[in-house]
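Across the two complexes that follow, subunit A remains constant while its partner is subunit B and subsequently subunit C.
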Partner chain A sequence: MNVAEKPVIAPESLIGQRIQKKDAPEKAAGKTRYIQDMVVPGMLHAKILRSSRVHAKIKSIDTSAAKALPGVHVVLTAADVPNQQPIGVARDHLPLKGERVRSLRDEIAAVAADSDEIAEAALKLIRVEYEDLPIIAGPEDAIKPGAPLIHPAPLDADGQPKSLPPKTPVAFAGKADNIAMRFDYTHGDIAQAEAESDVVVEDTFQLHYVTHCCMGVSGVIAEFDASGNLLMYSNTQVPFLHKREFAEYLNIDPSRVRIIQPPIGGGFGSKLDIYPFEVICIFLARAAKRPVKMVFTREEEFLASPTRQPVLLTLRSGCRKDGTLTFRQVHTLHDNGAYTSWGATTPFVMMQTFSSLYRVPACDYHTTVVYTNNPYAGSFRGYGNLQATFAIEQHMDMLAERIGMDPLDFRMKNAQDAGEVTGQGMTFKSCGFKECLTTAAERSDYRRKHADNIANRNARGPVKRGIGIASMLHVGGGAKIYPSDGCGTILKLDDFANVTLITGASEIGQGSETVLSQLVCEELGLPISAVTVVNNDTAITPWDVGVHASRTTFIAGNSAIGAARKAKAKILAAAARKHGCDEAELDLRGGFVVVAETGEPLVELARLMRNLHFSDKAELVMTTFYYEPPSVHQDKAFKGDVSAAYAWAAQVVEVEVDTDTGIVKMTKVTGTHDVGRVLNRLGLEGQIEGGVVMGQGYALTENLIVDNGVTRNPNFRDYKLVTAPEIPEMDITFVESMDGEGPQGAKGVGEAPSICIAAAAANAIYNATGVRIFGLPFTPEAVYRALRGATPKPHWQAWKPA
Partner chain B sequence: MTAIERYAAPNSLDEALGILQQGEVTILAGGTDLMPQTKAGRIAFKATLMNIRNVAGLSGVAFDGDWLSIGATTTITAILNDPLVKKNAPVLAEACDHFASDQIRNAGTIGGNISNASPAGDTLVPLIVLDAEVELASKPNGAVTTRRMPLAEYFTGPGRTKRAANELLTAVRIPLPKPGHVARFYKFGARPALDIATISIGIAGVKKDGALTDIRVAFGAVAPTPVRAKRTEAALEGRRLDDATIETAANAARDEVNPIDDVRATAWYRKELIHNMTKRMLDHVAQA
Partner chain C sequence: MLLKHDIEFTLNGVRKRVTVDITMNALDMLRDVVGLTGTKYGCGEGECGACTIRVDGETRNSCLMFAVDFNGRDIVTIEGLAADPKADALREAFVEHGAVQCGFCTPGMVVQASHILDTHPDADAETIKRGLEGNLCRCTGYKKIVDAVESACCGGR
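Coming up: the complex of A and B.
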């Protein structure tokens, strides 16, 4: 265990206060200048021609008419960029496709022109001849014997497989099957655990496509200076990884790539990979010798930004009559789409939930990720955890019902405690899981309502009420996916005691600037207004791995505290020297150096800073700190304590189901989150409320309909986000487990609030109607069909490659 | 790219009809259908774009003898808040309350909703069950002439009406309700706001001694145009609104509509909704 003492909070402390986001006034006033608003002198406007076939060979591309259109500067196809390198997690992806298209989002040509309209008109003049290939419309088709290959090995002139050097990337070498990735994890003896079970249940769960719907769509501006240095204005969540990737891509020194992030209108994981459009924009800028701007239309964002990972999942779970879990066996089939991005790696997170949310003596987890001709999936808030939790938390209710145990008692009996080490080697240093469960249940009156609703199922009237609970475990102290999971800070105090906090951590709307300022001010005894945050320029900010894995408050927070503490030590030492006292007796409060014990002001901090600066020593207070969490990279068997802390939550969802229409109205969400410690209460509430609504959309309304490789609803008319009147009443509370490693005891919470909602909604619908639905989303028609028994139960025979 | 050669914003009906008479005119009211449709390439602008929002006398609600007359450029918001509508055609106000969002209602007009002739247009079904008429004006020989026709006969297909190219829709007229008149509207969307109807139902009639007469039933989004449901009407006309009548009518409704599958719903589900919600609405009328 590693739990910190909760200090008595001083009245002037900022911790736990409700602090307005620093960027809120600008955004509310419409003054924030996003990439859409940016004009770089001399810039051209770019558009991409995407495939009009789902799967086809490209016979020919004719760009002559497009090139001839007045106002067009550059038209590029794969033929114009002979040295394309593959991108993506599996290096199976060339930005411009020359020989073959594998999905409708595939990029065939790109145009840079004087205006968007001209670029658009030029696209219409490009003629592409295709030869259609058979389509793999779903993951089950991809693994059928004799299925057409999405990435076949290239043949030489004699029709023989080309001989290529070993380790040639998939984009050039192809693959002998449609399997993009595999994940296999086991702990315990499954056969024995199953033999010891009194009850075993097995079901298939089907998780659908959704997409992020960031208000700020994907966009980039690329420009080369006269010496060939690349400057990009980019919405990316991972500027430092991009810097390195683009440098590798262009075969130039990384010092020649600079990335500036204008304010980003939401990320949620969608801006975490390197994408074809970014590389293509660089190609265009290089060819045009002008800055080139490319911003997606909303339709394009739906068609060509990543989706959440769709999953087919067969789960087998067992327990004993006394309510002890015995085993879980999981097989999933992940629809990768045509190329591999982060969606394929969601098993990292999914298996944590299966192996470690509850104590389970045996766990056997297998994922096969397969290529299809569908859009490709990326990372999305929760990173597979919504999918895993949907299955596991329904099974918890089903097992409880089978052994006649209350679902809450069943969870409590198997819930983790602080100090436990799981089969995967995750070590729970702080753990408020049980308190989350009991608090959420009590505040929502879960037990009584659960029983009443069952009793009322057959009462008159079409509307049935239901209540459901679900819990979650997620990384809360970063995730060591890369060799480093760290973040650097440079902190500078000027001669007015104003702080410039230069951090590697990107702001994507989540409120990191505010919480980092707060943590710094807490150390230095200054008001939030004293801090200016610089966080968006790789030429200035120190390294950070990127915004993902709910890590920023924890990692960048610890880094900021580290720099602030160094500054504080420097300041107190100087003050002690000057005033002839012991620095251990001094503290910083309210803009003054004070005597710690009495609070008596010794000298105004600003004055001390000027004295230091303008004295004969001419000293500046400028510190740096790099924080690396004490977590480890998992080994090949997926074992290792990958995060420095783990976050917990339980959420209770209440619904009304109209059995005449299938409409599920979410009436209330009661959520209790173990956040370690509340830092910015307002930011936390905003994060949770937004996350709940995102979870609600996943559960009830959002559905990217992909039909035989074609996205049928690439617009907000038919892709339904939750609107204001649908948002449920929320009762959000926090458990402060005071994590010993967390900044002021806090843990990450960014992804947590979305994770349980669909699972809890499924349990609530069952509680209301006695009908269990195994596939998402719970749109009115889907629910209505299920209530009428008109939905075949999903079934996928558990399978893994030999 | 568009090829608008001329923009006109006439102030009088006479002037507007004169421009229309010259031909090759696209009429612009609130633009909430026109702009998305042209942008998506589904319809093309003609040489002249004529904004009719400045035309005097085309906007507002007023009595006209035994009729309530609503000018073509009256916005959905104005109708929603109009006291005459609330009193004499509350079902129309109710439909406006389920219409899009505030921003769209502030711009979108009733004339645009009718002229767009979508089978899912929210004002059409209530207007049909209220026996509304459209008023069309033109200036073929230098003088303004008008004609009227029942709205139920006006639509010929999705986006198509009996309006001639030189005609402007000037108003929609609703007869003032008889004593005992009841009317109900139901719109099914997957969410409560900002949704296109999956199906919609309008029911009106005169309620006396537990029975409905002068019955009108209409459905939206189940056919190429909004449709009167004659067999459902026949199952109800003059009968006591008891459980058996209601069930018979709801079954008739399900059997007489012929919807399609699309991204919003399957035909099967639309038929189920028509049945279940016709039943629920009639139950409510019976209990009221």
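Coming up: the complex of A and C.
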């Protein structure tokens, strides 16, 4: 269109609109190629032999028959890879286990063959002799005096502990006890706060095993080029950090490792760590000198994926008659499983909820993470916060009841406000917590229903209705778990005014591509379709610390905006030069450079861009980076900030409890989230709804049954995900607290929606029945028993270091 | 020795002749032999619906069928739905309503939804939810999927 024909263009914003996901058409047509769909010419297919014992010494491994099978290229055991480096957060295991297996998922051998079937057949030919060791089936057994050690120190010929150089990794040096990690935190004077309390409650809560159940199973392809450079097609959520680690395992320069991330069939935190299968696949590719692809079966996915950490948690809380919280004291015991992954560090996030979700003058928190012979726990959406919130929000209701105060009023009285600095030193610059509480309560008619349900508890009929509320606090502005929390952007403008956005931030289905495009288009006045996002190749994209901690919109968003603003300044300066005006008078709208005040179009952007490309000083590639704003890092005592911004939410859950069968139906969830600002309304709703239903599964149906180290239900039939007919009605609303540092005011929200559901469900079941249940999940059997007083309260002797 | 069998069937409107091992699974044949990867493996046990296809109009979990079961049948996969204007509208509805996140369940969902649309053109949300009961999604919480299918029913009420 000619500028002359173009009517004035009014300012229009994309922020808060319902923007369709850029990758959705491909996905809905079945054209997207996930790792499972990829074929690299010449590739072999790999399988892993896992332990058939929970805890045992390996006496011998015989792979000769497997090696002899036609179609088998490589069979590897620990003996074939003499220089294995330990992996994991605590460097406590080797990818291939040679001397000892510590859980049923342990990797003993691996095969690369012409087909999956041949690899599978080869595994059956491998003979392993074991010598069984005593099993540590739960965390309480792990800390008993004299408990067998999961990682004993190696002995020398005389049976004495070997002397090893300091800093030898746990995988080689072992551990003198079964304690993988400890966290101790305190603020305020607990004894005095307890003395000043009118009411004190103490309970133990028990949280169970669940796992991510990404619909796309795990997979990886590894290949080396002729010069020994490694190329990996990987589903990792943290490509840049993994590059370095893979290089370390191979003893090569990290610059020789390139990671390409095909679209991912679900992440939810499961792909934050390096897992043995990835390293083993690299070993196979190196040995076979061929590309090797390894993809799990669903059963394997259940057996060998990380879990959410099971926790035993004792909480002691107090308040005054007027409803002021006085203190919280917490002792927890976490089942780490046999090895240490990110799950071990979830207490770090739990601590923030205990110390800072409400104003608590004194908080004392002790966590012990112990080794057992169970599957090992990783990071999972919410990162410990579901467990902490489950306990805290039940106690909020219990304290309120004890002092005869409405649970909502009690929460409002202790809720944080903007500007507050908590006992832990977290600074809440933007905080819509109270508005979340009142909005969710009003929209769900919480007060009236809460009172009615209590009055109706003894009415006739087996089905009782209940309503419960819970709140949450989570990082929403990145998370300083690494020394830095940065992300880079490269933005390229072409001669047709199309944008290529090259970002370090990965897309894992959550919609980051779309939201980043939206933020760029908001600056440049272009339609979303004008942006191509490149985000999945470490050889191309700038550095980023990965998709986790609800950080992408905030960190990568700010970085993308920075690049777009540079581009805009450059474009406007060029237009101003051409048209002899001041660039401050110009704006970009609807694909045109316009006069800001009148909206009169000056020149089509595409035309201007062509002109600029043919001039000799165009330089239409912008680069930026964004690091979290300067703020005080936490000190060794965990005091200080962990994020540039915090997300808040209150969720109200309504249930129907059939007291005859124990079946709990979740009928409605009313959630109000402080998201800073709504960017893509469609994507945001989708994330929240998905998170709510994931929380529903955690509360009601999902349970990975681990019995004496054996996972009993490694399939979808018995591990019950929520299905479509079971979902609650959902009323989701947003509070826009306009965070000063957030991209367009937004904060991260990816993890938030799952966090409160189980806690609110517990409060709702109590509201319906007068029975409080301290352990998850609320399966029909568990509820049926609890209603009949047949469930012993969880109990353990809070453990303190000797 | 593996027994082989010649089979002939219609795949997305095109006649096909394939020689397969009699033990070969239909999902593996579609993905690995024919090269249509839109149909997904989610469990291999009939529990997730990621592998849903249409067989003589009905929906089936292809992971539970043998390849030889295709003999003489009319098979439509997600790729074949491209030829069906009704299914086209359905796909657009998925995009428009935000029913796609990681997208791994989506092909199976769309195929299953196309069957709901054919058999229950007036389906309400409850009927749609029941119709999608066998299809698992870990990302969306199903709501937007149900919204999408509902909007496509009755040509978008």
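General remarks:
Methods note: the second predicted complex is superposed on the first by the 773 of 802 C-alpha atoms of A that agree within 3 Å, B and C clash if a C-alpha of one lies under 4 Å from a C-alpha of the other, contacts with A are read in each partner's own complex, and residues count from 1 in each chain.
Following the convention adopted for this analysis, contacts are C-beta pairs under 8 Å (C-beta built on N, C-alpha and C of every residue); 3 or more make two chains touch, one makes a residue touch a chain.
The structure displayed is predicted, hence computed values, not measured ones.
With both structures placed on the common chain, the touch criterion links A:725 to subunit B and to subunit C. In the overlay built on the shared chain, the residue A:660 is in contact with subunit B alone; subunit C does not reach it. By the touch criterion defined above, A:359 reaches neither subunit B nor subunit C. In the superposed pair of complexes, A:717 makes contact with subunit B and with subunit C alike.
Of the two partner chains placed by the overlay, only subunit C lies in contact with A:266; subunit B stays clear of it. Of the two partner chains placed around the shared chain by superposition, subunit C is the only one that A:682 touches, whereas subunit B remains out of contact.
For subunit A, the partner with contacts to more residues, out of subunit B and subunit C, is C.
Applying the stated contact rule after C-alpha superposition, one finds that A:32 touches subunit C and leaves subunit B untouched.
Residue overlap on subunit A between its contacts with subunit B in one complex and with subunit C in the other: 717, 722-725. Taken together, the subunit C residues at the contact with subunit A in this complex read 31, 37-45, 47-48, 50, 77-79, 82, 91, 94-107, 110, 126, 128-130, 132-146.
Contact residues of subunit B toward subunit A in the complex are 1, 188, 190-196, 263-266, 269, 272-273, 276-277, 280. By the touch criterion given at the top, residues 117, 121, 462, 660-661, 701, 705, 712-713, 717-718, 720, 722-726, 779-781, 784-785, 788 of subunit A touch subunit B in their complex. Residues 18, 20-21, 23-34, 36-37, 212-217, 263-268, 297-298, 508-511, 682-683, 685-687, 689-694, 715-717, 721-725, 727, 730 of subunit A are the ones that touch subunit C when the two sit in their complex.
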